[in-house]
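Have a look at this one before I ask anything.
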Amino acid sequence: MFLHTSRLQFEAKPAQPDALFARKLQELIGGAWGEMTVTMQYLFQGWNCRMEGKYKDLIMDVATEEIGHVEMLATMVARLLEGAPSEVTAKAVEDPVVAAVVGGMDVQQAIVSGGGPTLSDSNGVPWNGRFIVASGNLMADFRANVAAEAQGRLQTARLYNMTDDPGVRDMLKFNLARDTAHQNMWLAAIEELQEDGLEGPIAPSALFDEEHQEHAGTIWHNSDGTAGPEGRWASGPTPDGTHEFSYLMDPEPLGDKASAPKPDPLLYATSPANLGLIEKAIRKLT
Amino acid sequence: MFLHTSRLQFEAKPAQPDALFARKLQELIGGAWGEMTVTMQYLFQGWNCRMEGKYKDLIMDVATEEIGHVEMLATMVARLLEGAPSEVTAKAVEDPVVAAVVGGMDVQQAIVSGGGPTLSDSNGVPWNGRFIVASGNLMADFRANVAAEAQGRLQTARLYNMTDDPGVRDMLKFNLARDTAHQNMWLAAIEELQEDGLEGPIAPSALFDEEHQEHAGTIWHNSDGTAGPEGRWASGPTPDGTHEFSYLMDPEPLGDKASAPKPDPLLYATSPANLGLIEKAIRKLT
Amino acid sequence: MFLHTSRLQFEAKPAQPDALFARKLQELIGGAWGEMTVTMQYLFQGWNCRMEGKYKDLIMDVATEEIGHVEMLATMVARLLEGAPSEVTAKAVEDPVVAAVVGGMDVQQAIVSGGGPTLSDSNGVPWNGRFIVASGNLMADFRANVAAEAQGRLQTARLYNMTDDPGVRDMLKFNLARDTAHQNMWLAAIEELQEDGLEGPIAPSALFDEEHQEHAGTIWHNSDGTAGPEGRWASGPTPDGTHEFSYLMDPEPLGDKASAPKPDPLLYATSPANLGLIEKAIRKLT
Amino acid sequence: MFLHTSRLQFEAKPAQPDALFARKLQELIGGAWGEMTVTMQYLFQGWNCRMEGKYKDLIMDVATEEIGHVEMLATMVARLLEGAPSEVTAKAVEDPVVAAVVGGMDVQQAIVSGGGPTLSDSNGVPWNGRFIVASGNLMADFRANVAAEAQGRLQTARLYNMTDDPGVRDMLKFNLARDTAHQNMWLAAIEELQEDGLEGPIAPSALFDEEHQEHAGTIWHNSDGTAGPEGRWASGPTPDGTHEFSYLMDPEPLGDKASAPKPDPLLYATSPANLGLIEKAIRKLT
Amino acid sequence: MFLHTSRLQFEAKPAQPDALFARKLQELIGGAWGEMTVTMQYLFQGWNCRMEGKYKDLIMDVATEEIGHVEMLATMVARLLEGAPSEVTAKAVEDPVVAAVVGGMDVQQAIVSGGGPTLSDSNGVPWNGRFIVASGNLMADFRANVAAEAQGRLQTARLYNMTDDPGVRDMLKFNLARDTAHQNMWLAAIEELQEDGLEGPIAPSALFDEEHQEHAGTIWHNSDGTAGPEGRWASGPTPDGTHEFSYLMDPEPLGDKASAPKPDPLLYATSPANLGLIEKAIRKLT
Amino acid sequence: MFLHTSRLQFEAKPAQPDALFARKLQELIGGAWGEMTVTMQYLFQGWNCRMEGKYKDLIMDVATEEIGHVEMLATMVARLLEGAPSEVTAKAVEDPVVAAVVGGMDVQQAIVSGGGPTLSDSNGVPWNGRFIVASGNLMADFRANVAAEAQGRLQTARLYNMTDDPGVRDMLKFNLARDTAHQNMWLAAIEELQEDGLEGPIAPSALFDEEHQEHAGTIWHNSDGTAGPEGRWASGPTPDGTHEFSYLMDPEPLGDKASAPKPDPLLYATSPANLGLIEKAIRKLT
């Protein structure tokens, strides 16, 4: 069960409105790598965690924090939209800056939300539930979490450069710091999973015997760039210590020709079996 | 530019058809973490790479390989569907196994594709372009790549247990091995990015000074589980070596009350300014 | 079966083109609360109505009218786009107003539709079938209909303020009036359902005995705002007359700890059962 | 900012697993009218509320409760999936009941979530952000809230009949009660908005003068069912008291013929202007 | 403006219910190539048609008919669902046929629609507005219309084989005939467009001079299958009579190496410019 | 299996950056009719082709070429974005042209992709797998392919007029030529299918006897435009030679009244059976 306090985790007060930036911030609310994604990803991972204790408790701590990040951004967007043009375009446009704003603002923030955020990204595409993963395998999920925090911090950094509003920047500095903390935290959790002997570096830590081991260390050279083999992935031990890397320079297909089976006549695929039948069918009608 | 050979990268021959499994394999084709995702993610990362050389060439090598994985799975699905029930249900159902198949098969594989795969996941939801990321920042993207290969291998492993067809398993053993190779490869590439001095462990490697550093190492205890602080993320240096972890046990909000600004009258939000006006508006009409 | 007359239900003639407003009008065509939604919602409700007579006939009357609203808007959009910039940007831009238009217009209206509407909202997101509901329960559906007409009229009102074109406003005045009529109509239908003894105010009018009645009148105070209990929902009889409202000021969870069951080993969740196995698996390989 | 306790708002303990029902419950998690929708709808309404006090505080109380409903359902789904078939179909199928389960279960709950819920509906379609509305106009939004609670209770009632598991039913009885409470609560809030003079019954309470009043009380008879005029929406005062209802029995279109403007040659619409040009273009080439 | 009669264009009476087939029929309602698609595609084409007269009038005739096809299918689905299992699974399952039905039916038809259709395809994915096109160019659009009628008839034919219910088949025989009529009709309209001199066979009939003509007749041999050049597309005049076909057997790329431009430092792409900076940034912090 | 060369199929070098055009080009990458669609449509058609030989080999040749078209466009977009405004709006805006660019550019190309393309259309909506079809019936699929190439060439032609950059136009001239070649090619393949006796002009070439033939040649006059019967689709033989066209001027519905069956009480539809029960249920509670 959840409880809420009306105070924000961190301040979200712009020095002045900026409707164009309000649109851009939507990416951090409802983008594929935004706060909504980490909120729901962590909540579902916590609820799906099969082991009581430190991992689950950590996940729920962070998940609960993230709801508050959506709240900060939603509040910031509403404040950035104060006084945004909501009237006749010609009246609203006075100089190129206003023109850029009128052209670039998210019109649904006005028409649909009355000057507030939507649950969409910066192009107005709604957030959706396929953006999250909660597989039950903590190694696989924590790798996804590091990725999410990395993409999230990267987008925040780009947005940071797109504003010089001290209030907005103040909040983004907090967001940047939290993304740093969370990247470090998930990296530490990945180390700990291995130290605890719960997971190896490769997810899932199973079926290594069954897999075709001769293909578990090779990189296939399917493109003609020549520098691929210069990296440490071209030779030497793999990071998990189980194989030697090698670079397969002239890859040959190992399978037969791709072909689909004989068609089911009830499904009407084109096939040699049709020969003559069509003509007959048409002739019969005429 | 691309070239194609009709032979498959690896064999994709089931010992016998299995329409229910053909539906499940759709997850590896068009699921959020399926082969289509890694194909397009790597292609766009390669095209978006801002540095010629080993990283870009590696990405394009792997991307090009992955198109062939979609091909293997598409071929396997068509073969697993050979002879799948395409007629009246009552005729098709003879025993519980067939009933399960008739109930559980993906009907669009018959109705839409005529016994072949669709570009959808195992619940028939189409693949979409938001599943990929190609940010230009290789550290952020390689983290996403490790995550994708980890989730992909995990799903492949689960599917491996859901069949005992030796032909299907043979192909999945190849897929498992490639996912192992690629996880190791992206992990190695992450190490190399750091050794080359191109990126630090935290993406992006910028704005560390600007971010609010006092919040860059703390974990907020927003949920009442007590074991969170038992992990190595609760104290000691962060993995990137820049901060000390600490666990904030009684987190207090740092911001003011969340509130939205005064409404724009042209947007008709409910507000105290409406007091009396409504009644007047209605009275006037009647 | 349907018939069509080429004349519009109401005039849709702008005084002059306005490409930016043509984009905004997309919200009323293909937005979640636009005319397409009410068209399809009412059609499916009519077809799904389990009772011949006045309710079903009313629904079909209104549904059929709504198709004509999509038609009016589609025509208006095409006319507003007459002469919209379809050439090189630099040529098209002469002053800030044009710049705003060039920046803010829906480029798909030109590239995809050749100067006509798409079936999308004002951010270009396509309309989709999950926006409608036709549950068969008329009380639940009429409540959804009032909501749809209310949001629709609200959006129309906002758009009305964003133009001063007399022709556009003339059409919007008709739309506003129809939304007023339809809100009143669905409200009247809700009253009538109750007067007819077909439904009570709470949908569905069943399972009241079975539900946990001690929880059917309380509002849980899960956020720290203090004014919640000042409303009439905090005490006194509920609108349906079956319970007394009360405000639960210090809510305590009634359930146990949330936990997920023991993992299935074939699904590879992280669990204490993994302890030692991973290390062994990796050791075996090397 | 939010806080979390590990205990569930209400108990979520099935007497025994039921993988087919676990799929059906997805509707209440990620369906268009499920708990995720009300959670996010109320949160965004609260953050977008332009008036401090009882309405905003109420919204935030209920919003915060709803996150806990998603949690209850997510936990229930994971428990219902305990022991669900995750192996070879032929082994898993023993009798028709198992066949129905194997055919009907949500395969992504196994393949993607490892025996837990996804953020999707009962057909596996992901939840998306367009399902919510937070317009800032409380009358319009509360009408949407009543609708959501009504559809939600209706779906819960249907699901209640699809199980006889006492543990599942126990939780659903709580959900039913909460949906009853919340329907009553939003109905009371709608009354209060009017009593407080903040909104009239028709949203928004504006532009009544401007709208074409002669069309604000008529129902158009566009379908040939004859019983439409038998309802109270056919005559007498409208519920908001501003107009008289009337039924327009032989509706005539009021507008001109629908037509699109002359095409822009740069957009290549088919038009009489093409006459002869095409032939010339082709002749020139050959 | 539209009018409606309560009678169906053709009869839609199944001999008996069949919940599994009711799910399959969803493909014809809300699938990408279903009746909803042609309805909306033709309506928008008619509204977007830039030339009064026979083409526009034809489009509107057919569009209006198609709404009635959705109606027939919606009615059929509701009737096929009569008596569908809506209770406890174990009670509902008696033999393998029922098991297949319980496993394979669309659960949302019960939970959401109360025994009626949804606006989704046979996997429950909602119809969406990107399935239609109305470009204003009649040649391009009529080609899309032939394609839609062809795919639609193909799916109908497949469904025809999946039932032996005489009532369902009776309706499908009508649908098949209409799809035949409409394929022929659009083919005739394509001929007429050319005879009228309005469009050539290639859409749009413009820019032939500007395009690089040396590439307007070649087929590139990018895959290693050897039979491609055996078709009439390998030599001889093109169907539009403007070029000679040829098969380019050893295609060479004509462009330079694909490369992305130098990165913008404010966007944090990985680049050689990062060398040394990262280390410095991290060192400074510690 | 696929191979890749780093050189582009054709040059993709803009004379200078143009961020607004970079957004528009997204339509050709990830639009419903863009290069991604033909790439995946042809690949899946090739893999699903049930007949070895010239048709399959042709499809795979073209499919493989199309991946390279996505590559050209992705490269072009990245180059057009060089130097695009990525900083504070006010700094970036200097004149109306820049304002139009700042307002109209795709902000996700900066925030998400760091100055590169996304897999979305020109409004930022992600590409999705439902845009493709691979039915196994080559006649139906080739008709879809002609349609795709026609819409694709039309959009390319429109975009050609929106730029005067010689480098961009040079690439578009190649694209136009390829779309011409491919339209001709699929038209030739449609002829060949018929000459080979594999398919007739109407897809599928089956069930002509079974369909209700009296409805296979009529056009229903459901809209009141009078010119429909002036076309060659109103009389004379159908293009496939099997029927005579006729125009049904006063169409009468052939079916009974649309009605839904009696409701299942467990699904709570509103019905006369509710009469009195509701009142009793409520009275009991109070």
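Residue numbering begins at 1 within each chain, and the chains themselves are lettered A, B, C, D, E and F in the order written.
We take it that contacts are C-beta pairs under 8 Å (C-beta built on N, C-alpha and C of every residue); 3 or more make two chains touch, one makes a residue touch a chain.
Composition by chain, UniProt nomenclature: A, B, C, D, E, F = Mn-containing catalase.
Keep in mind that this is a model prediction, so the values were computed, not measured.
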item: Shared chain contacts [subunit B (Mn-containing catalase) and subunit D (Mn-containing catalase), defined touch]; value: A, C, E, F
item: Contact-richer chain pair [A-C vs D-F]; value: A-C
item: Rigid-body rotation angle, subunit F (Mn-containing catalase) and subunit C (Mn-containing catalase), from Cα fit (steps of 5°); value: 120
item: Interchain centroid distance [CA atoms averaged], subunit D (Mn-containing catalase)/subunit E (Mn-containing catalase), Å; value: 26
item: Overlap residues in subunit E (Mn-containing catalase), where contacts from two or more other chains coincide; value: 1-9, 32-33, 47-48, 52, 55, 60, 63-65, 68, 71, 75, 78, 86-87, 96, 99-100, 102-104, 110, 112, 114-116, 120, 123-126, 128, 130, 133, 135-137, 139, 154, 157-158, 161, 204, 206, 208, 213, 222-223, 225, 240, 243, 251, 253, 258-263, 266-269
item: Overall pattern in which the protein chains touch one another (line/ring/star/complete/other); value: complete
item: Residue ranges of subunit D (Mn-containing catalase) touching subunit F (Mn-containing catalase) (in the complex, touch as defined); value: 154, 157-158, 161, 266-268
item: Subunit C (Mn-containing catalase) residues within the subunit D (Mn-containing catalase) interface of the complex; value: 5-13, 32-33, 46, 52-58, 60-65, 68, 71-72, 75, 78-79, 81-84, 86-87, 110, 114-116, 125, 128, 130-131, 133, 135, 137, 139-140, 143-144, 146-147, 150-151, 153-154, 157, 160, 169, 173-174, 176-178, 180-181, 183-185, 187-189, 191-192, 195, 201-204, 206-208, 210-223, 225-233, 238-240, 243, 245, 253-264, 266-269
item: Touch list for subunit A (Mn-containing catalase) against partner subunit F (Mn-containing catalase), complex; value: 18, 20-21, 23-24, 27, 31-33, 96-97, 99-104, 121-125, 154-155, 158-159, 161-164, 222-225, 251, 253, 258-263, 267-272, 274-279, 281-282, 284-286
item: Residue ranges of subunit C (Mn-containing catalase) in contact with subunit E (Mn-containing catalase) within the complex; value: 1-9, 30, 36, 40, 43-44, 47-48, 60, 63-65, 67-68, 70-71, 74-75, 78, 112-120, 126-130, 132-137
item: Subunit D (Mn-containing catalase)-touching residues of subunit E (Mn-containing catalase), taken from the complex the two chains share; value: 1-6, 47-52, 55, 86-90, 92-96, 98-100, 102-108, 110-112, 114, 120, 123-126, 135-139, 193, 196-200, 204-206, 208-209, 213, 240-243
